[in-house]
Structure formats: C-alpha cells, structure tokens
C-alpha cells in the first residue's frame, strides 16, 4: 500500500483546473501596513461566486523589492472561462483598490515570472480611479502610474502580467481529531509558504465541497460523503472509522510542477503529525479539470 | 474659530447615509483562528461595487459568548437600496461562507441589539451549503443550524437580525506628514475599537473619494481637491499650505448617536498627535445622504 | 461535591504570598512598538531566581493615557523579602531599561492605584542612565524625567509607586488532553486580561512546580505528584485516571479581592471547555504563604 | 567620500567583541506558542548587567526540524569573561526554563553549526528541574532528556553546543526624523532576519550607550555626544545638523564574516530610506574589543 512516513496514501488523484492568475509584489512603509494590505486583498476566496481568489505567496526582504521596502508577493486568480479577461480586470481592480490602495503607503509592482506572459494596462482598472489626475512616471526602474490620493500618493506598475496556471490542486488530510487536523493543517500551510510559485487561498480549509448540489444557486455544497458527522447517518459515507476531521489544503500554482511539489510537501510534513492517518484528494471523476495529479506519482517524483 | 485641543475644526458636516447591517458574534477555539475569520470576513470593503463592507466592532471575553469561547463582534453592511434584501442575503452568504465557515472551529451567533429588528433565515444563504444534510438544534440557548463539514461541523444561529443604521460617517484628519497621518489614524482607529456599536471598515483610509467621476464604470474616484500632491497643480485645490496627508476615518454605526460619539472621539484623540492641524469631513452638499453630522455639534454634545 | 458548571472542584486552597509590585503605564507611537516593549519587558518570569516577574494587565485606549497615545498597563513583581527594596530597584531598572527604554518612542508613567502607596525615585535606577544629561520637566500633568538618547528622548515619570499585593494565586486545570489544556488555558488567560488589577506572569504555565527539590541550587522542580506521565511510574501519583495535562494559571493581583475574582473567572470559563474534568490549586500546606484562598469559597463569593 | 547609494559612510569602524553563544532550535505545536517562547526567551538583553542577551535568528519550515514541527532558531550570548561558563550555564538555564519550558508543547534542540564546538550537558541546568524524574531517550535521531511536567512533557537535547562568536557589531543610522529612523531600523532588522548566523538582540535599538559613566553601578549610560537633543546644549556634540534620531542596530554573529555581511546589508537597505543621511558605528578607540570592522571595508568586500 502506498504510504508516506507510514501514513496511508489513497490511490487517487486530485483534479486541477486551468486558471488565470496575476502575480504582484506589494510593498509598504511598515510591516503592519504591509500585512494588512496583503491579507486583506487576498481574503474572501470567492471563485465559486464567479469572482476570484487570492493568496500570499511569501514575504520578501527589502533587498528583493524595487523600492527597497518590505514586500509581499500576492497572487490573484480567476477561473479560465470565456469571459476571464473581463472578470480578471474587475476582480484585480476590486482587490487592489479596496484592499491595497486604501491602506496607507502601499505600492504595487508586477511580479510576473515568465517572459511570455500577457500584460494588461492597470490604468484601466486601477489608475483611472485618479480621475485622470494620475500620471505616468519611470521610478524604481519600472513604468509606474502615480495616483494622487488624499493620503499622498499610490503607485502601481502600469503593465501587469497575467498567465495561465494550475488551480484547485488539493490534499485531504484524514485526522483522528480536530486538534490533529488543526496542527497538520498549520504545519502544511507554513511549509507551503516556502515553496515558490504557489498559494493556499483557503489555508486550512475546513469545508471541502462537491460539485453536485440541491441548491445550484448558492454554489458548491458540503462534500457529504466525507463529513465525519454523517458517517453513521448515511449509507455511503466514505469516512474511515476513527476519522473525525478532514481538512483540505487547496493549492494554486504558476505551473504544474510547483503544484505537484506543493502536494508532496504537504503530505510529507503532515504525515509526521500525530493523529494523521491517511491522505486523499478531491476529484470529480476527471471530467471537469484538465489536470490529474496522482498522489502516488508526486511521492515517487519528489521523494528526495 | 471652533477647535478641539487647539486643532482647528472646519465648520462643516459629514454626510451619512442609511445603511442596512447585520451584527453577528463569531467564536472559535483559538484566538488565531478567530482573528483569521474576523479580519478575513470583513475585509475588502466594496459597497462602491454594489457589494458590502464589514468591520470588527470588538473582541469579547469568553465570559460574554454563548459557547464560552473567544469571540468577536462583526458588522456587515449594504447600501439601503430597493434591492437591499437580496444584496444583503448574497453578501452575508458570501462573507460568512467564504470568510468564516472555511476557517476551522468557527461558529456564528446573532448579535442584534434591538428588539424590533427584522430577522432572516440563515438556512437560505448559509445553512443550505449543507446540501440538506444540515439540521436544526437548540444549543447554547440558541436555535442553531448544524452544518456537517469535512472538518467536523459548522454552527450558525438560524435567525439573524438586520436593521437600519447610519453609514458613511467620516472624519478627515489634515496632517503635516504621512507619519503623523499614520499615527493619528492608528490612534483614532484604536480608540474607536472601544466604542460600542460602530465599525471602521477602512480603518485608516488613505483614499477618500468624491462622487463626480470621468469613469462612472469604475465607481468613485480620488477627491482631487483634497489631494496634497495636486495642491500646486490645480487651481481649486482645497489643501491648506503645509498639509501633506489627509487620512479619512469612515464610521458606520448602529444608530446616529454611536456615530456622533465616534466622530467626537476620533477628533479628540487625533488632536493630540503632533502634526495634526485641522479636522474636516466629507459631504456631497447634503443631496445624497439622509444625515448631516456637524463636527462642531458633536464637540458641543460630547465635550465631557 | 463542589463543582462549577458540572466540573469537580477539589476541596482545597491555593496558597498565595505577599509580594511587592509596581504598576506602570507605558505608551508608544505605534501599536507594534508598544507590544514589543510590553511583552519584552514582562517576559522571563524569574522570581524563583531571586529576580522578578511581570505581566501585561491590559492595553488601554488613547483616551486613557496622559500623552494620548496607545498604552499598556504593566506590573512588575518581586518577592517580599527583607531586601525587597534593593531587588525591586535593580529589577525595575533592568526591565525598564532593557525592555522599554531600548524600544523607540516609549514612555513610562506611574499607574499606582492607591493613595497610600510608597514611591521611589526612578532617577536612581533609570534616569541616571542619562549620565546626568537627563533633566526634570512637567509634562502631561506629570513630573517627568527626560533622558536624551541617541534615538531622541525617553521619558519616565519620576516617582513610581510600589505596594504590597498578593502573588502566586493559582488554579490547576485537570484536562483529558494537551489540546483541551491549551484551549482551557487560553480561554482563562484571555478572560483574565479583562480583570482589573491582575496579571498572569506565565499565562498558560505548563510546568507547575513544588518546593521540595533534590537540586536546591536550581530552584523549584517539577511537581512530580501531578505529572501525568509519571502516573503509572510512581506509587503516590495524584493524577486522576484519564487526566493527561494539568496547566497552571498563576495569578498576581493588587489585592486579595482581585486575585479571588480572577480565580473564580478562571474556573468559570475553563469549566466550559470540553475535556476539562477538575480544578485544584497548589499549596504548600499553608506554611509558606500568608494567604489561603479556598476554591469553593471564591465560587460562593462570586457566583453571580 | 565613501558612500552607499549616495548616503555618506563615516570612515570609522565598529568595535566588536568575543562572545560565547549557544544556538538552539526550538519547536512547538502551534505557531503562536512557538512565537511566545521564541520572543519571550530572547527578550531583555542584559549583558550589561552581567547576564545574557538573545535573539531569534529565523523561523524555519517544518521540513527543517527534527520533529517535523514549526521551529525557530535562537541564539543566547554571554560575554567572554573568565567566568563565562558559569554564567552561560545559569543564563541558558534561566532563559530556557523561564522562557521555553513554561510554554506548552515546546522542545529544544541543539543547532550548533561547527563540528569543533564544545558541548555542555543540559541535564545540569535544565533537565534536573525534573527532580530526577527526567530520563534520557533517543528520539528524532537525537539524544533527548524527557522532563515530565504537569502539562505533559518537555524535551531538550542533552548536549548543547557553545562556541565563540563575534558580539557587539553595530551600525548607527543617522536620520532626519524619528519616523525615518523607525522605518530604516525596521527595514534593516527585517533584512537581517534573512542572514544566516546572526541575531539583532535589540532590533531597532533606541539607546546606544558609551563606556564612560558617572554611575558605574548602573552600567553603560547614554552616548551623550550622539544625542540629537543635546546638540545645542553641549560643546562637543557630534550630531550633524539636521539629524534628529540615531538608531543603532547591534549585531551578534557566529563568525566575523556573518557579522560583516550583516553590517553591509544593514547599510545597503537602510540607505534607500528617505531621511537617512549618514552611517557610522560605535567603537571605544579599539581598546576593548578584539575586532575592528571598518564600514568601508565591508562595502568593498560585499558590494555585489
């Protein structure tokens, strides 16, 4: 039976999807303002509402930012639908304007990783909130938009890259108690904070969902087959005996390799937590997503 | 000339609006999970996008919560438009499901303050994400919905009150530098955290806006008359000489009295910060909002 | 059998001691600097080393501080020995100079609560680090010492009160797991943060001790009778079956009443946590401390 | 004139000393407990009191810890005096027992970096607080002492390395305002958190000192020549015109190279902050410390 550090790994795959993301670097004068903007702008993951989700990839040293200030790398994701460009424009505008621009001293820089990336003009969805009092200026080696605001100024790089990545990668951690679930989830999320290119929009997600629902108007519903409380109440529960909690770590990454690596690290570190008894992952029979990431394949691939 | 602690107070009023709010108490097993849910669920204030805004009113002692855990009181606000009920249902559902339910161990209780409040059935926009595996149960003296989730369970009180309150109250703090603006803003926000019934959705808001705009499709734009950077560039700037930064504190409250009190406290504490030279407030000529709160009236009223 | 919310309360008392404390209010320009100073200056509780212990009583609003900034009330305690005055002078000097003065923008004010309090001249153990370049000045309605430092200035009120209080009050929380112990401990500590006049120097203390020791040179040692791991290994273990963890909450307060109230609140809130099965307290047969606080007496006294 | 990013660098050196340090890795179940222990155990830098100082070198991923939990690397330093071994034993015992052991779920591992390091037996100053109920056990590939405590257990690696390093390296940042001083200091401290082998015990130190003093009994006093407030009051002030604040970053490192690198990075990142006008460093004419680190030498050496 496949396993990692003695913990069973179900012979299954997580189904992941094509998503469109932007990767930006934000900076601020003090760490507390930076954190407020970083966490605020990436909270409320609402792709299931036809909106967007985000995450903090990592915090970076002043040595690594164009303006020499404290920085954070963020990702903002939308589903790859036909209208993704419009949705991305609206959602990027909303998250940056309502989550970053409103926080004193913040700036936004493009942090695209590929040369082939597409770019949009952030003057359209962010800069124009300067009501045409904004101007363009070369600063910190970048082409910036300077938006005069009541606090002083807000600066955003004019051209922001967007690209296709891999969204919805996930690992399910079967645990004997909610406390081991919290510990395993936190260990996994903190280890993933070190992996370049990925974000965990929900961090320790307590409410994995399924596609089927009686209420399509409110989106995905609870994955009842994997709800420990329903184990004795429904005939087709898939919760093993003794399992009381199954947190999910949802992983988006800039490419397949980064998501695979993250899935491996997630299992590797969580496997050492007392009370973790099994790993699995969510899929929809492979009908919906482009990618199938087999848990056992990533174990073989990254087992260093 | 009207003043508070020697700081000039402009003879003007802030224009405030009728808004619809819910007031809830959330609890969690540990403080870090509580804070993640509280700040996450209330971030991204987006009423200008036709959505909602929220804030953390205060954190409460385990002695004051129905389930004896650590708690936080949150408010979620929507504009009082004709369709407010639909928008409130959608927005409450989104903020609670994507910001609270997904965080391990959280629960939601009604925290209405008035007996005459209306209530909605949270089974419709939250409970049903249990796909009808949820059930109703009396617990902690409340009628709760228990939603089985993969982590274990999520509990929310079935009937949640909503009511009309006063939104958009505000104070502008004219400062000599961005550092005095940050200090004054933080002092004000922290003092307001002690006032019952009010939230500051933007905390230290760096980007006060105006109604007029060349780009109505992206909503309110920068209030150019009050942008210090434009002082020398436009003929009709209203920025006094020496002023470099004007943070805005936006205040929503459960009634007019609480907002007035908050405006007073905001000016009182900010007036003691070096570099604060004047207070004013935002209004639209009184044509849009129902309430006019004169800064000098609140000084007379609360000058204790 | 005595109980609180259905949890057994052992018919015993905690033994508390006379201690000498100072109560000060510190302020800083920003919250992060305030917290750094507050937690830093009160960490490393080392009364058992013949030194001192401290705690953060509460954080206060800018409305409640002499200089209108964010503030925190701290207590610093020494044992009431014959040489307490010398030790208090040294320890106060160390904690304020190495924990507060070194943090940018901090100030220290006396926060004595009684009129009959004794006062010492902080110029002796703090002010003189100005090498006689410090001066005295009336500011914020207080007689302050202004110490010129490389950062700018440090200000401390000249006369600081000290008084006799009650130290070493404690509650032991018998828990079925370390997770319930953490939860119960955190709930108790956070509830006590709301009680005026008391501090919990160790917060959730994981290592309750006894007086008897084979190694007097290193001070008190583990209270082996109450170590769950030793339950099966020693003949005279006092750990009940099923108990895996016994955190201790140590409480110091400005008077007996405040400590009694804190003990009551501690049991009251912790009793609601799943896995808490019993309360007890530490004593030494009543030979060492002046005070005996019976757990059941405080339940009767405060059962509101 | 020597400069870095256009900021003047005084042609001087910092004088650094031989110090003795231990480097340990602590882990805990949750991040909030880890941070409490890490910051608590390293606070109150009191080498000037004949005691010790400490710092958090960095936080590490669960992938990098022996027990797979969240970890932090700490350093504890004492002066290299004749009695250093006794002082180190006492101080290590105090900081670990009163700062780490008392925090639930913590463990301590040796994190020596050199093979030639000396080791002491932590059973003497920590393990024996188990009153000989502690035992030795191989776990996580290390020889551990398991100390039964009321919370459950505390584990510490038996043999802890100590070694000679370089203490008291420092940079002085001449700033035009206290706000630029805070910003420059924070940027420097955060950048140094990324450099292996060094700690900044005081972080942004607001109170640089000198050796000469009228009050030897209370230790080093304010470096009056560099106090901006005294610029107009004393004849021999060395504060340049326009300088209002001079924070000091004190750097201890495992070897000379790491301290030199840290000094360089400190100047490099702080030089980009508005209001930073000059760098210098503290020395005592070279009579006291073994090392002289010339600021301009490190610029040449590391200018990558």
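Order of writing sets the labels: A, B, C and D. Residues in every chain begin at 1.
In this section, a contact is a pair of C-beta atoms (placed from the backbone, for glycine too) under 8 Å apart; a residue touches a chain by one contact, two chains touch by 3 or more.
If you're wondering where the values come from, they're calculated on a predicted model, not measured in any experiment.
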Note: of the two pairs A-D and A-C, more contacts are counted for A-D
Cα centre of chain C to Cα centre of chain D, whole Å, reads 27
CA centroids of chain A and chain D: separation to the nearest Å works out as 35
Distance in whole angstrom between the CA centres of chain A and chain C is 41
Multi-partner residues in chain A (2 or more other chains touched) are 29-31, 182
Contact graph of the chains (line, ring, star, complete, other): complete
Residue set of chain A touching chain B in the complex reads 29-30, 33, 36, 39-41, 43-46, 48-49, 93-95, 97-99, 101-106, 125, 128-133, 146-154, 172, 178, 181-182, 185, 202-210, 212-215, 218-224, 226-230, 233-234, 244-248
Listed in rising order, the residues of chain D that touch chain B in the complex are 30-32, 177, 179
Touching chain B in the complex, chain C uses residues 29-31, 61-63, 67-70, 182-183, 186-187, 190-191, 193-194, 265, 268-269, 272-273
